[in-house]
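Heads up: the structure comes next, in structure tokens.
Naming follows writing order (A, B, C and D), and every chain is counted from residue 1.
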Amino acid sequence: MTLVLAIPKLTNNQIAWRAAQDIQDGAYVNLGIGFPEKVAQYQPPGREAIFHTENGILNFGEAPQQGEEDWDLINAGKKAVTLKPGSAFFHHADSFAMVRGGHLDVAILGAYEVAENGDLANWSTGPKGVPAVGGAMDLVHGAKRVAVITDHVTKDGKPKLLKRCTLPLTGVACVTRVYTSLAVIDIEGGHFVLREKLPSLSLEELQAVTGAELHVTGPVADLIVPEL
Amino acid sequence: MDKAVGDLATAVAGIADGMTVMIGGFGGAGSPIELIHALIDRFLATGHPRDLTVINNNAGNGHVGLAALIEAGMVKKLICSFPRSADPVVFTELYLAGKIELELVPQGTLAERIRAGGAGIPAFYTPTSYGTDLAKGKPVAEFDGRPYVQERWLKADVALVKAETGDRHGNLTYRAAARNFNALMCMAATETVVQVSRIVPAGGIDPETVITPGIFVQKVVEVANAQQEEDLNRANAVYPGVA
Amino acid sequence: MTLVLAIPKLTNNQIAWRAAQDIQDGAYVNLGIGFPEKVAQYQPPGREAIFHTENGILNFGEAPQQGEEDWDLINAGKKAVTLKPGSAFFHHADSFAMVRGGHLDVAILGAYEVAENGDLANWSTGPKGVPAVGGAMDLVHGAKRVAVITDHVTKDGKPKLLKRCTLPLTGVACVTRVYTSLAVIDIEGGHFVLREKLPSLSLEELQAVTGAELHVTGPVADLIVPEL
Amino acid sequence: MDKAVGDLATAVAGIADGMTVMIGGFGGAGSPIELIHALIDRFLATGHPRDLTVINNNAGNGHVGLAALIEAGMVKKLICSFPRSADPVVFTELYLAGKIELELVPQGTLAERIRAGGAGIPAFYTPTSYGTDLAKGKPVAEFDGRPYVQERWLKADVALVKAETGDRHGNLTYRAAARNFNALMCMAATETVVQVSRIVPAGGIDPETVITPGIFVQKVVEVANAQQEEDLNRANAVYPGVA
């Protein structure tokens, strides 16, 4: 099953935009390293989210101008950041108390695979090379919502949404919502429940590139995202 | 986002019958007197909240603050380390009459259980209380040849906290040894309500000196000239007035 | 066995003085509420101990003048204190991390009973009244030395140093040295080992008011304390 | 009492063969470059210390600091959460050649294990890593219907830490996100050695703003213009000179 998708799909920026629309005013948010960091750029006007980074900052802002980096002021991806008014520093144990203790409203993470039971694999592609986990296994526990943003399929067209993960797990039954390049899918009661899909895509077409059954329990909205 | 609320009644409005309430302070230092009294006011006006489980290091002193809350009949159970004070008569009489429950916890274990509740650690092992009456019924395990007692986290529905300066994000500083349990209880409650001496704009607290980051705080109310339990007791004060 | 001791004994101030002589320069020290607090008054000249109080202060000093108390600046006994240069505030979890984590050099506590195996009873005289433990059970664990200061016998002349404690325990095998009104006694290998005794007292007299065997494994020094 | 020591060589003199050494920092932020380089200097001069077990969040970057320590052949085992960086070649090559051991620990668990070591908590339960390869062989227990993994404390013989301001009692402040693991490692080592940008007299740090109380610190050394790992790597620096 290596079909190449011939239909339009959302760009990473558009997926990030869609995920950003669900972040409420005043929410405390952790964005995983890499792709999920894009979500911060698309906060809806009038809403103020507070971003948390594992290495001990609340309410950091965007990157500084090149040449103005302070390398003691970095995020978990070791990129230079700036501070917004009302920020705070803290050590790593307090930082992960925020994570593990259920104080984050949402964590948005990337994924290699997501299973219909909410299992997530996003830290290891197998035994080759040097393993590295960072904060991935902590972030999947504690946040009130654990959302994944991801292309709907792998580079060679294989489903990333599966019945069960095949790669080493990051966490068990932890993901509550998946924003993909084709759809928005909740995980409820061990099932993928379809909430939104690209209007150009039929349910059958979406199911064909999804590795487990898509349940429809209510209206499926059109996934409409601006050009970005 | 603005966590500031305008008055004490609004600040304590989320406390309902049967809830578990953490109350900060160690003796009078850091005791949120005005928040406690606002809760008593509500009870006197409405009969609620009642049947509260209260977590505090002590059991109140004299007839103000936590002692007054107990005296008003609002507290079903107390979890504390040291239910004695200069004037512990309110708690003592109810306890000896069997009208209030007591769970006695060593002070360091109490602190660590609250911190564990805030940090998502459901249980931990401590050497404290091993081989004593306070360890009875608790699991014991040996690590590196030494025995330890397993203790569980403590969480609360609401925490009432006293801090010094707060901003609209809920970032807090404390004053001297009034930090004590306050900074921990902020972490361990579903809703943390804080009275501060002054509210400053976001950015008004140096991020290096924030003791409680705002993520642990839900409501902040300014009480500019907060009362000190110790001062009230030295003046033989009684809340809500003549006993 | 209710003999009344007819021989001279040290006052509480003198016991505190003797205990203070063993506190080294730079030591971190916790003094139990009440009698043990006296030890702070007798630091030998030229030595600087740093006092810790459970409620979150390192390096506090003596009581302020009456009328100048700051009731946010108190010790574990809820008495007003002052600060010395180089002090620090911290919350209760960090404070007991210092205690339990082995960071204190010495804790000096009072006692109802001490057993030859190092067991201590100092928090409860039995099931009557309102029980209260405070930090007693924490302090007996973690400090590098746990010392007790106490009258050698109870008010009615009964031994406080026993084979086994009869009162509810504070901690098991935790005490390493006992400073009494008559002697200085180490606890080693489950035995009371006599180190110093009042010169006016014979070993037999001391043994007669001690509830377990006093071992002598080396020279026994005269316990000589100034008038205070 | 004066914990200030005059030079870096004295500061790191207590580290012996086979010891476990915690090294603060997260990537380059808070990495005690000068202390690490002083340790390398001693090894190059004397052949010791070697066979070290190092605890750090990462495995070094480029050819300075922790990477240089590893490259010098002083490290037997690394306990970390993320042994990758912009330029992880030193660790990667040794690891793939089977010449260095790795214990991989989730970042929050690493932080909590160190804090537990400092706080006298021999073991605790966490939801992190449950059901994953990193929980293999670890005890599991259920609390309130949810499964958790038991984790053990981490302690060290020596911690090498970078802070901003220190006084002669060892009270410390940090700079921005350089606090990270540094403040925890101070608690968990038998000997904590700290490089600070400046040493001030006792009383020179407001007790309200002390992040690490001096009780957790044994030696303080002033390094006025400390190097930043990130800056060194952007300049392709190699320690101790030409590779």
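List of remarks:
Going forward, contacts are C-beta pairs under 8 Å (C-beta built on N, C-alpha and C of every residue); 3 or more make two chains touch, one makes a residue touch a chain.
Keep in mind it's a predicted model, so treat the numbers as computed, not measured.
Counted as hops between touching chains, the shortest connection from chain B to chain D is 1. Common partners of chain A and chain D, by the touch rule above, are B.
Looking at which of B-C and A-B shares more C-beta pairs in contact, the answer is the pair B-C.
The mean-CA centres of chain A and chain C are about 56 angstrom from one another, to the nearest whole unit. Each chain gets a centre from the mean of its Cα atoms; for chain B and chain C, those two points are 30 Å apart. Computed from the mean C-alpha positions, the centre of chain C lies at a distance of 37 Å from the centre of chain D. Multi-chain contact residues of chain C (touching two or more other chains): 57, 89-90, 93, 96, 99-100, 141-142. Counting partner chains per residue, chain D shows two or more touched chains at residues 112, 115, 119-121, 126-127, 174-176, 207-208. If the chains shown are joined wherever they touch, the resulting network has some other arrangement, not a path, ring, star or complete graph. Contact annotation for chain pairs lists A-B, A-D, B-C, B-D, C-D, with touch applied as defined. Those residues of chain A whose C-beta lies close enough to touch chain D in the complex are 53-57, 70-74, 78, 89-93, 95-96, 99-100, 119, 124, 129-138, 141-142, 168-172.
Considering their complex, residues 1, 115, 117-121, 167-169, 171, 187, 201-203, 205, 207-208, 210, 213-216 of chain D touch chain C.
Looking at the complex, you find that chain D touches chain B at residues 112, 116, 119-127, 141, 143-144, 146, 148, 152, 173-176, 207-209. Interface residues of chain A, counted against chain B in their complex, comprise 25-26, 28, 48, 50, 52, 57-59, 83-90, 93-94, 96-104, 141-142. Contacts from chain B toward chain C in the complex involve residues 26-30, 57, 59, 81-86, 88, 91-92, 95-96, 102, 104-112, 114-115, 126-134, 174-184, 211, 228-231.
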